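Here it is, the structure in full.
Letters A, B, C and D mark the chains as written, and numbering starts fresh at 1 in each.
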Amino acid sequence: MTHATQTLDQMRPPFPAETGSGVYSKKLGMWVFLASDVMFFTALIGSYIILRFGMSTPWAKPGAVLNVPLTGVNTFLLICSSVAMVKAYAAIADGKKYFLRKVPGKTLQDGGLKFWLLVTILCGAAFVSIQVVEYIKLIGEGFTPAGYREGSLLAEHAAADPIKYGLGVAGMYGSTFFTMTGFHGFHVTCGVISMLYLYFTKVLPEKYSPQDYAGIEIIGLYWHFVDLVWIILFTIVYLI
Amino acid sequence: MTHVAHAKPGAHGGGDAHHAPMSFWQKYIFSTDHKIIGIQFLFVSLFFLLVGGLLAMQIRWQLGFPGKPMPGGSILPQTMAPGGVILPEYYIQLVTMHGTFMVFFAIMPLLVGVYANFLIPLKIGAHDMAFPRINMWSFWLALLAGLIMFAGFFVPDGAPRAGWTMYAPLSARPDLSGVGVAQKLWSVSIVVLGLSSVMGSVNYITTVINHRAPGMTWFRIPLSVWALFITAILGVLALPVLQGAAIMLLFDQSLGTHFFDPVAGGQALLWQHLFWFFGHPEVYILILPAMGMVSEIIANGSRKPIFGYHSMVFAIIGIAFLGWIVWGHHMFMSGMNPTLGSTFMVSTLLIAVPSAIKVFNWMGTMWRGNLRFHVPMLNAVGFVSMFTIGGLSGIFMAATPVDIPLHDTQFIVAHIHYVLFGGSLFALFGAITFWYPKMFGRMMSEPLGKVHFWLTFITYNMTFFPMHIIGMGGQMRRIYDPTIYDFLKPQQPLNVFISYSAFALFAVQLLFAFNFLWSLKFGKKAPQNPWDDNGLEWSLPNPAPHGNWEKTPNVYRGPYEFSSPEAEARGTDFLPQSLKLPTDHDPLPAPLPATH
Amino acid sequence: MHWWLPPGASTFAAPIEHLFVAILILTGIAFVIVEVGLAAFVIRYRARPGRKALYTHGSTRAEVIWTAIPAVTMVVLGIVSNHYWVMIKDKRSVPPNAYHIGVHAKQFEWQVTYPGKDGKLGTDDDFTIRNQLHVPVDQPVAVELSSEDVIHSFWVPQFRLKQDAVPGMHIVAWFQATVPGEYELGCAELCGMGHYKMRARVFVQTVDEFNAWMTQQAAGGTE
Amino acid sequence: MTTPTTTHVRPNYMLIWLYLFVMTIAEVLLAFELPVSRNLKLILLLILALWKAMLVALFFMHLKFERWRLRIIFIVPLPLAAILITAAIMEKVF
């Protein structure tokens, strides 16, 4: 922390009683940022919807090009990481700073902040890794941002069954798919990096307490938002 | 002296005491102080304003004297202007970069970067922004974006050549525009700038909501802060759309995607929808803060409360809301569904309503006032009269049938300059002069300021008013040489007249630059409250110390209590917001929200 | 030097000009009220010793008046404008007897395709001429716009007709020329380096002249 | 503490997780196995996706327990997005 912000925290101005948001500034700021991120994804997802409506030939059938089982696993991972995040939040709210602890009368050990945040990070990292694998496989098969690569296996399939593989929309399919999922992946990566940073600078040194765990709450908000975007993307990109 | 009367005990006098001394780098370069960041923005955006102005001069030379060697033009490289004669490809770079610099790197940071940063905490009684470090990053990213954009001139093929609106597919295909690298730099720069704007806006919104001093209720907030707050909301929601669009454009240019390429199923109009969906709120980002600051100055200059404070606030909100549903009026001729055009026409015409409310309320404020014509007031009145022309000329283009002959002609160029120069820049000349003492502790020269205002007012109208006429005559925007068209030849003398006026207008601005720089060092020392204003910022010494107040001020009344009976009882005509009268009760400070 | 819209030469000119004048009068009134008011206030209420400003926070009645008047005016203006807008731009407004001509824009020229003797586009006797648009007078003409590369805009000032030609879109714009003569067709949307010189000549001819020209061109074969 | 997070009963997060999981399975089955018409499929899939998104926003992001002045921040962009997409699609449907 720089000198200036330290002094600012000490002299945080009082809040007028009947005004203000009723929440602390960092959380409010995160919500405003999320609203702005909604508009960012509106530009990307909106373009996809607009372009898809504008096509005169049918879109590729779900599962024809993309590997739905693999991304299904990915969806599962992201949902797990989201619930782990909220468990981490609940844990520190109850003052559980530890990793795992035996609770009398229960067979499973009780997870604390350190445990649940680690699960979150691992699930998030696994998601990104699987996405990278997915991209490599897709590009190898011939699915690129520019469409189906000439001479690739995919291009051959598409030529044989243009309806199933949406040959007429290949260019748009590649453009929108890689841009939308790519920027979602970028958001996940940013989240994982931020959480790793918090894990080593704040969580392991046990700096959070039931009185102050703002960092966990706001990174949680971001993380759930990224999960929310994926829920939408998974349905409209992979299943429809 | 009247301004001693409201000095608060403990409000100043070694206000910096709780801050350890800082090195030059901490204090002026990597500063987290909102006032220093505002000043950084001021210098950087004034530089880009100058760059934009120089580009405009070259445009005017070419339009007034097509094909003649430009004086001093021989220093330009052969690829731009061999022997001083501007080439068509350089001309398009000029119009593109003039628009880009003026909109994104001059007017927007001047209004939002400078005054949102500088005024919001000072006017609501906060010690700094909610997130000072994010604020610092917002400035450095904006500067980085500006430099990336500027670099476009120095890469192979030169600057982008698709107009500041970057209509695809021209912008997306290097083989069609003839520009490779710089077109990508434009997209990258806009993405960085969007990030900077979002960071700034998140800060402004959070600060206004959460960091107001006790007693600063929503309807005691000065109109400038209201305008900047609504502007920040527009920024936070609009800039990401442009970012998304710029990213798609960048991918089209570099990764081989086809978003805007009709050959592979993309849509050329998609870019226009996304761009103007951002672009119209952007237009209001460029005018609302100016309106807010002008309200401030007019109330001060008239020594009267602002006429209809509440309707002024609701007019700002109304304009901001309408701003989201009118973008199609930029696309009336684009082959858009005509039924959609009708809808957009009605919503566009409705913008006249809140705009009229604002103009008439400003006039109502001046009505039966006691008008002090200091330089800010002159510029503010200039703003009202010029913004009115800009607003009225907009009605011609909003009415779709009349828009057909006016669309994409010099008429629209006149309109945008009446709003952005006659509007925003006049407001900025006023605002810079008004808050100059707060920034630098000195006054700008009053006589020089008055000369500058009158000369600008005259040369400005001589430059931009005739553009309406040549636009009606049919002269298209962005054409390199109007004289090749028979129907445009007769009005070439008017083009020459505009060019001479524009050169004069530019020369007059050097007067302002001189006044600004000279006063930094040699200006008269400013008294604490040079304009007898009510704002919280004037309860601080000039310039205000880091951290602003030692003890958070209490606010007892609205910002425009000029000439009230209580003020008269004190023998003055103003009543500062933080002045406690015997009849006033202290507002209750609310408890801090818990940190989770 | 002309100070007005170029002389009109199509059926659109009159309604657009009437609307233009109407808006000019409306905005002119508003302009005079505001500017004269400002000037009067500046002189009348300037600071003088002993002058006192009126302490008032506004008047709801005045504000309602100057909210309602512009609102009503703008709605009426919108309704009137929409009538002409539909007449000019709506797809269904293209007269059924319109003579169809194809205009294909590309960097930086206009390729005009005439339907030939059978009067139908897309048949064998179509022929294409660069940068020359011949149209018969007093006869609705539908221009079928398309673009090769980037967005261009079909703009004939005297016809009061402007319509973008967008790649990937097929747009029909119609007009009916009323005055025979020679005009210019320009591009009104930045389309690249040669945007300024993307110019074509427009000939409005009497029906006889037009038919004679058409026969001669058709005989000359396609270019 | 007066903050909402401590005054409400904490939801059963694992139950929400189970809902999300089951709905995801349902979505995949719906998309590939169920023999219903394409349009019905589309509507059902969108409803399921929005339902899941709502669960995440309401419970994981605690919007259910926040005040309206905070909820509104997240809600404001949604109509704007709808306006943009609707207008741009109308383009193609004339």
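Everything below uses one rule, namely that a residue touches a chain if its C-beta (ideal position, glycine included) is under 8 Å from a C-beta of that chain, and two chains touch if they have at least 3 such contacts.
If you're wondering where the values come from, they're calculated on a predicted model, not measured in any experiment.
Engineer: Trace the shortest sequence of touching chains from subunit A to subunit C and report its length in steps.
Structural biologist: Tracing touching chains, the least step count from subunit A to subunit C comes to 2.
Engineer: Give, as an integer number of Å, the spacing between the C-alpha centres of subunit D and subunit B.
Structural biologist: Whole-Å distance between the two chain centres: 38.
Engineer: List the centre-to-centre spacing of subunit A and subunit B in whole Å, with centres computed as mean CA coordinates.
Structural biologist: Centre separation, subunit A to subunit B: 36 Å.
Engineer: Rounded to the nearest whole Å, what is the centre-to-centre distance of subunit C and subunit D, using the mean of the C-alpha atoms as each centre?
Structural biologist: Centre-to-centre distance between subunit C and subunit D: 46 Å.
Engineer: Mind checking the centre-to-centre distance between subunit A and subunit D? Centres are C-alpha means, answer in whole Å.
Structural biologist: 15
Engineer: In subunit C, which residues are in touch with two or more of the other chains?
Structural biologist: Expected reply: 91.
Engineer: Would you please write down the residue numbers of subunit D that are in contact with two or more other chains?
Structural biologist: 3, 5, 76-77, 80, 84, 88, 91, 93-94, in rising order.
Engineer: Where in subunit A do residues touch two or more of the other chains?
Structural biologist: 21-23, 28, 32, 35-36, 39, 42, 46, 50, 54, 93
Engineer: Taking the top-of-page definition of touch, could you list the pairs of chains it picks out?
Structural biologist: A-B, A-D, B-C, B-D
Engineer: What does subunit A use to touch subunit D in their complex?
Structural biologist: Within the complex, subunit A touches subunit D at residues 21-23, 28, 31-32, 34-36, 38-39, 42, 46, 49-50, 53-54, 62-63, 68, 72, 75-76, 79-80, 82-83, 85-87, 90, 93, 220-221, 224-225, 227-228, 231-232, 234-236, 239-240.
Engineer: Can you name the residues of subunit B that touch subunit C in the complex?
Structural biologist: 88-89, 92, 95, 161-163, 167, 169-170, 173, 176-178, 262-263, 266-269, 302-309, 311, 333-335, 338-339, 341-342, 345-346, 349-350, 352-353, 356-357, 359-361, 363-364, 366-373, 381, 384-385, 388-389, 392-393, 395-396, 399-402, 404-405, 407-409, 469, 472-474, 476-482, 484-487, 490-491, 493-494, 562-565, 573
Engineer: Any idea which subunit A residues touch subunit B in the complex?
Structural biologist: Interface residues on the subunit A side: 2-5, 7-8, 11-26, 28-29, 32-33, 35-37, 39-44, 46-47, 50-51, 54-55, 93, 144-147, 168-172, 174-176, 178-179, 183, 211-214, 217.
Engineer: So in the complex, which bits of subunit D are touching subunit B?
Structural biologist: That would be residues 1-3, 5, 76-77, 80, 83-84, 87-88, 90-91, 93-94 of subunit D.
Engineer: Please give the residue numbers of subunit B that touch subunit D in the complex, ascending.
Structural biologist: On the subunit B side, the touching residues are 237, 241, 269-270, 273-274, 277, 324-325, 328, 336-340, 593-594, 596.
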